[in-house]
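Accompanying notes for the structure given below.
Which chain is which? They are A, B, C and D, in the order written, and residues in each are numbered from 1.
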Amino acid sequence: MAKEFTHEIKVYYEDTDSGGVVYYSNYLKYLERARTEMISTIGLSNNKLLEEYKTLIIVKSCNIEYLKSAKLEDKLQIYSSIESFNKASFVMIQNIKKNDNLIIKAKVKLVTVNKDGKPIKIPSVLKKQFIN
Amino acid sequence: MAKEFTHEIKVYYEDTDSGGVVYYSNYLKYLERARTEMISTIGLSNNKLLEEYKTLIIVKSCNIEYLKSAKLEDKLQIYSSIESFNKASFVMIQNIKKNDNLIIKAKVKLVTVNKDGKPIKIPSVLKKQFIN
Amino acid sequence: MAKEFTHEIKVYYEDTDSGGVVYYSNYLKYLERARTEMISTIGLSNNKLLEEYKTLIIVKSCNIEYLKSAKLEDKLQIYSSIESFNKASFVMIQNIKKNDNLIIKAKVKLVTVNKDGKPIKIPSVLKKQFIN
Amino acid sequence: MAKEFTHEIKVYYEDTDSGGVVYYSNYLKYLERARTEMISTIGLSNNKLLEEYKTLIIVKSCNIEYLKSAKLEDKLQIYSSIESFNKASFVMIQNIKKNDNLIIKAKVKLVTVNKDGKPIKIPSVLKKQFIN
């Protein structure tokens, strides 16, 4: 079974819009921060992946549902887990909660590519660490 | 049949990331700009919708596929059309092209709400104008 | 003498541009996050200031020098202190360091206003807490 | 005397914050768009500057004054001119107006550097075109 990683963020002015809530594209920033921190928990980073494994992780698709809104100075928890692996891609489930209420549901497909953008095998270090 | 609206944008430094391409969440900004300009073509605006029709349009879900990347100073065309209407929601297809190549495919579900966030009937002015 | 507050941030993809460094306007986001966290250390928040003190803090001017650049996954320390107070305004010095090297120097003038944007006296709770 | 260049932008949701106005760092994006379009009027671009002249233009300092605020769907005019040239740097005055009212005053110092970030002589094509 997949492990779940939690990352907490706080909503700043930069994230909000004149509707009084977090602007809809900014949740994708939160999701990406959470993925970066998840990679960081296993001693990796985007920089290391590129330098040592010649690998970039890029987003192939993102399916995001906006259930409730978040506001200035809210604290949000992002729960991330890997749903499935393929040779050169994997699917993540990323949910965002505010006070235990689910506000964002997202399914993100990621692909591992080389510097030229060609899909390459997922480094085994990633696979091993993220599956029990 | 639904009308199609075109909006062109240019990629500036602010839109790119250190991967050398447009950052994945910024395409959602482009999509929203295109929706705003589409509303503008029928003499409306987000401000007018709120003041005269007490209506806000919010994004309920966004399904976006990243087919190819865009780079600094690229010119991109965003093609937007309404796929279907419901009482208080509608679904849009929004595609982004670069030199006639499809680079982004998106399906966006929008809901019309009042100031308190409650779904309300789509103003008929919107429906009439966007369907042939 | 003024107290100094430290806030640490990490550079994510969202912050960088295709030049490979943090985009120049994003440092202003970091500065604002640091100011928000500084206010938070004295039990206040932008929300509380608005609700309890009917006060908004807005930026009147920003003088920022870019000495060195920051890159993806850098950890940056933001040092903030209040240089001087006036009736309805105060000046902050905010410096950003990376590995003990000064990379950004900023001087920010802030004004306290009411909901209509009129300057109002700085709440004494702010003044008391931020000066020794 | 220096020529003045005008660039118009429209304020979208992405630019605003929950205070109901354009977020303070986003004006720096507008300024950079205006500089890019100014360069474009003389047949150049950031890409061309890099490829043909091995030159990047980076911001060394920015002094910005916020006089009035801009709101959703405002149309803003950005007036840009070069105040002075040095060997490897130049100073620009960039003002933003809304309905003929000055809302933003900015003074931006820019430096021409090579790929390694070392200051290099401003390409003469830039100097010639931007001074009468």
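Note that contacts are C-beta pairs under 8 Å (C-beta built on N, C-alpha and C of every residue); 3 or more make two chains touch, one makes a residue touch a chain.
What you see is a predicted model; the values in this text were computed from it and never measured.
*Asks:* Computing the C-alpha centre of each chain, which chain sits at the greatest distance from chain C?
*Replies:* Between chain C and the rest, the longest centre separation is with B.
*Asks:* Please state whether the interface between chain B and chain C is built from the same residues or different ones, using more than half shared residue numbers as the mark of same.
*Replies:* At the contact between chain B and chain C, which are copies of one sequence, the residues are largely the same (over half shared).
*Asks:* Where the CA atoms of chain B average out and where those of chain D average out, how many Å apart are those spots?
*Replies:* 28
*Asks:* Taking the mean of the C-alpha atoms as each chain's centre, how many Å separate chain B from chain C?
*Replies:* So the centroids are 34 Å from each other.
*Asks:* If you average the CA atoms of chain C and of chain D, how many Å lie between those two points?
*Replies:* 23
*Asks:* What parts of chain C, by residue number, touch at least two of the other chains?
*Replies:* Residues 13-14, 19, 25, 29, 32, 72.
*Asks:* Chain adjacency by touch: line, ring, star, complete or other shape?
*Replies:* The chain contacts form a complete graph, every chain touching every other.
*Asks:* Which stretch or stretches of chain D touch chain A in the complex?
*Replies:* Against chain A, the touching part of chain D is residues 13-14, 16-21, 23, 25, 71-72.
*Asks:* Where on chain C is chain D touching in the complex?
*Replies:* 19, 24-26, 28-29, 32, 56, 58-66, 69, 117
*Asks:* Provide the residue numbers of chain D that touch chain B in the complex, in ascending order.
*Replies:* It comes out as residues 12-14, 29, 32-33, 36, 45-47, 72-73.
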